[in-house]
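Letters A, B, C and D name the chains as they come in the text, with residue numbers starting at 1 for each one.
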Amino acid sequence: MEIEITRRSKNSLILANPVMAAAGVLGFGDAYGDLIQLEKLGAFITSPVSYTPRRPAGGARVVPLPAGTLVHTGLPNAGISKVLGKYRTLWEKMKIPVIMHVVGTNPEQARKCASRIEAEHAVQAIELGIDDDATPEEVHQIVGGAARNTEKPVLVRLPSQDTVVLAQAAVDAGAGGLVACAPPRGTARDPYSGKLVTGRIYGPLMKPMMLRLVKQLVDMFPEVPVIGVGGVHTQQDARDYIEAGARAVQVDSVTWVQPKTLEYIARDLGGLVITREQGALADEWHPGMGETERKAREAARRKLDEDSKKTPTGH
Amino acid sequence: MFGIAQGALGVQSYEELALFGSSFSACGLIRKYSFHTNDEQTMREYTGIIERTVRLNEHYQHLHLSVEGLGSDLKPGQSFLARRMPERWEPYLREQWWPVDLKTDEVVIERPANILYEPGETVSLLGIIGQPYRYKRTLRNVLLIAYDTPPSPLVMSIPLLFKHHVSVTMVLSGAATQYPTNRLPPELEVIQADDDLGWTNMVMTVGWADQVFVVVRPDDEMERFERVWKRFSELRAGIDKNYLFAVMQTALPCGVGACLACLTPLREGEMCVVCTQGPAIDMTALPFSS
Amino acid sequence: MEIEITRRSKNSLILANPVMAAAGVLGFGDAYGDLIQLEKLGAFITSPVSYTPRRPAGGARVVPLPAGTLVHTGLPNAGISKVLGKYRTLWEKMKIPVIMHVVGTNPEQARKCASRIEAEHAVQAIELGIDDDATPEEVHQIVGGAARNTEKPVLVRLPSQDTVVLAQAAVDAGAGGLVACAPPRGTARDPYSGKLVTGRIYGPLMKPMMLRLVKQLVDMFPEVPVIGVGGVHTQQDARDYIEAGARAVQVDSVTWVQPKTLEYIARDLGGLVITREQGALADEWHPGMGETERKAREAARRKLDEDSKKTPTGH
Amino acid sequence: MFGIAQGALGVQSYEELALFGSSFSACGLIRKYSFHTNDEQTMREYTGIIERTVRLNEHYQHLHLSVEGLGSDLKPGQSFLARRMPERWEPYLREQWWPVDLKTDEVVIERPANILYEPGETVSLLGIIGQPYRYKRTLRNVLLIAYDTPPSPLVMSIPLLFKHHVSVTMVLSGAATQYPTNRLPPELEVIQADDDLGWTNMVMTVGWADQVFVVVRPDDEMERFERVWKRFSELRAGIDKNYLFAVMQTALPCGVGACLACLTPLREGEMCVVCTQGPAIDMTALPFSS
């Protein structure tokens, strides 16, 4: 499988699998250890990195929601130099392309990060995260600045507000691909502290909105690869994005909830045909995987059998 | 009986931390600015089967879970991120489940009584989360404090401490007084404090303790820990390092150090990743205004 | 309680309660019968009405989602004349103001509807529903056309995309108030037919997004009343909108799921202090209400007691 | 035993519909263009308590619900929109629950076996949804057809029809063959059809029936009903009104005629609000292309 996820160029990025985790989901690459085998994914996208260090946001940063969650981190990171110093070796050893997610709130910083990445063998592409309140002019400036300072492809992750308008600006400024969309921002009341918290919303209900936007972008920019992201929780969700015309898919918060889901999705969209029942995936894919499902099924069956013994059969 | 491995006291002792960095490290085994310590133990997904549920009183219940492959590696301070099967998206994120007792391949979890769990139910457990509590080698007296929250994160340490001839006092304040203490070891001294963390003989209890571990209601952890800090500051001339610990119950979306939502700033620009380096943080490292 | 939900004018709309149901939720006024006492609400908003009749959308029109649902009706209605003919008498007898929701996709039709409503005693105000793909110019034309043809206040219900830009156009064109927002559009796969269906997304996860938008609008247009709508499922959700600066709140899909919730919220925000446990609401408010909750509690208690007898008490 | 009120046959007979309008009305008691008939019966929220669950086979179970105040007003064709308590948002919308048996204040509901319901659980029931099936006064033979879907919406009518000396045949096709027929009255003739709605003696069965009620899998109801329509058109010279009925299982967000999501276009610009006027629609009124 060869999937070109950026516009044709000498550095265009070609993946062997259309599935990756969204920026911030896997950290900088060592967090999940053996729980997720990164080389099964199409690419590794780093947590957001800025030119200068950023501290975490204060106060409550996680609010539980019905079938979802609000998370606000403040994009803490040590700054691009420190991050590269610490993780370069790990990334060089990775068997899949590394895409660095760069916080795209400041043209100057984005430009400097691009120059820095241009010189880094460990990183193959940039994903620029665009601020929700950015204007088309700002997007043009930020994306253009980054694109002019590196020959590596610059993917642009769009906010879910004004997506189409901002996509036009990004494409005009040289975006190598579009990532649609960042989780929408929202405000929710933290049930513990009673305070209103602003952050990003994650959950399966995000998918229908994002799927519709992806379709719009694909129709509008037939020549620009679009990566779909938002609310992917199952293989079918991922396939829906592909069917809508996305070249690839990013999986986000379900990875936190059920880490192995990410691998299941990658395996499925990577073209591995499921020939046996789900429990059998374990052996083919990742030792230990499928355990829980198999046991859950066994337990459920045991329980049903016991229940049927308990319940009277007479009418 | 506890099946906790030897070495939980001693090998993991706090003094050893100095080996890991020149600067004072309050949170897990980290050095300054180094985010990660996950190499310590492999994170796994375990399958738990609820074998028995025991209702303690109207507020609390115990779930007896058989967990294959768990062995006896779990130490006080460590926990799981749990998810009930079959898949539902409510609650969405995994919940932090605190073990209060451990036998080989069986663990007892403390949960609110108003949630219905059923024997035979399967639970996915991501773990082991966090670092064990680090006790002083010279430990004689430990004070455990639960302030408006159940003392569950502290309970598993009690029999272990008694086994090492450490005497243990538990202070319950506010909502924590609903906790059913009748199931705790009889050697444990239990103090029912007032709602604002006051009790008679406070000066003595605090002075006599070699180490103190505190859990607070997670509505506004930092403010509550600061209140505890102030109370202790009034009672002691100065609070030394390695004496007073905040046991954090920060929300943990991923539990493995990936999402950085649990990153907590310390003094002097240090950071603590609560899921991998917590739950206990030395309060002298917390950036209180006072 | 007196709440002015439209800009000050001789016809400005003053409600006794800040809670209503969103357009389409209650139908044309007779659907819920005794299940909901409409006079406890601030106003009654009709299902969407167009100048000419509209037929329902074809195919699957309801897709279940995790903690939500997608609904696509196609805004079927018999056309304004027939609707008025059928429901005028019912609306005249209502003890609360009637706001007619007018499909605002066509300037000509919106203008004609406004003229028609201007002459109707049964209707006190218009809520114009703006299409998701409308441009600011179109919004200006549609809202302006309607506002020039009636002295009754014209509320404008904004889509959740480009909300701020479209709000500016609506305000400039004479909107008497803003309703934020319409449920977002999305695309989801119908699990029964396997087909992709486009429609509107309802569910509690919509609230954080809409709450944030309402706050933005309130800050931007301090002189224009804003009505908050989206994902309200509890009294606290409604209060959050008020706290964000909304004058009033519309409750939507939870009404279908649990009709009495609408009344609970209206009662709560209407200033009635809850002095007893929830089950007691029944008597004060609506005979029969609260029954289910009380019984649920009793059953739960009974069950717990039985369980505690069953489970061994030894350790 | 059924406690169905007298008059379910007869009083609600189809012929009476002519009283309500000059035009042919296929759907409930509506006249042309009149959306509403909710005045017929008051919609209520009932509280059901699950008293017993009975597993029929690996696919189906029965819930025995005690429902206070329900009386015995429920007639074949009618249903509830149900919501389990305590409040969860998944599934979000109420589910349509089909009763298969009724005693005073107790109702038996047919549900998939893979969902766990517990005795003691409380359920909120919005109802009564829909109109009773309308039988011909001269009814002698009824054919019930379930095509790739459980026959649950049809089951409650069976004992009632036998009581009125009507003979009943049930055809199960495709996935419907999983349905456990051993619990149905022994007088019932059950035909296991092939997957494409074919069975031996089809011409005879179809010719002999005075009325036919059909449920299909709700994945693409209209297409499936059209397939049924074509099959019947091949077997009979012409299909009369009041002979072949589509029993609709359209998704019902509100169930009371408010949301209009269940509005179904008929021939000649007519409309049917399935929740208040369904579930049975005369197939001659459906806008099939053929």
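By our rule, contacts are C-beta pairs under 8 Å (C-beta built on N, C-alpha and C of every residue); 3 or more make two chains touch, one makes a residue touch a chain.
Computed from a predicted structure; not experimentally measured.
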For chain B and chain C, chains touching each: A, D
Selected pair, greater C-beta contact count between A-B and A-D: A-B
Between chain D and chain A, distance of the C-alpha-averaged centres to the nearest whole Å: 46
Interchain centroid distance [CA atoms averaged], chain B/chain D, Å: 56
Distance from chain D to chain C - Cα centre to Cα centre, in angstrom: 32
Interface hub residues of chain C, defined as touching at least two other chains: 65-68, 203-204, 233, 303
Sites on chain D at which at least two other chains make contact: 89-90
Chain contact topology (line, ring, star, complete or other): complete
Residue ranges of chain A in contact with chain D within the complex: 66-67, 304, 307-308, 311-313, 315
Contacting residues of chain D [partner chain C, same complex]: 33-36, 38, 42-45, 47, 49, 83, 85-87, 89-94, 118, 120-122, 124, 126, 217-220, 251-265, 271
Parts of chain A lying in touch with chain C, wherever the complex brings them together: 65-68, 70, 161-163, 165, 184-189, 196, 198, 201, 203-209, 211-212, 215, 233, 236, 240, 243-244
Complex contact set, residues of chain A against chain B: 24-28, 30-35, 47, 55-56, 58, 60-62, 64-69, 71-73, 76, 78, 82, 86, 192-194, 202-204, 233, 253, 255-260, 288, 291-293, 295-296, 299-300, 302-303, 306
Complex contact set, residues of chain D against chain B: 88-90
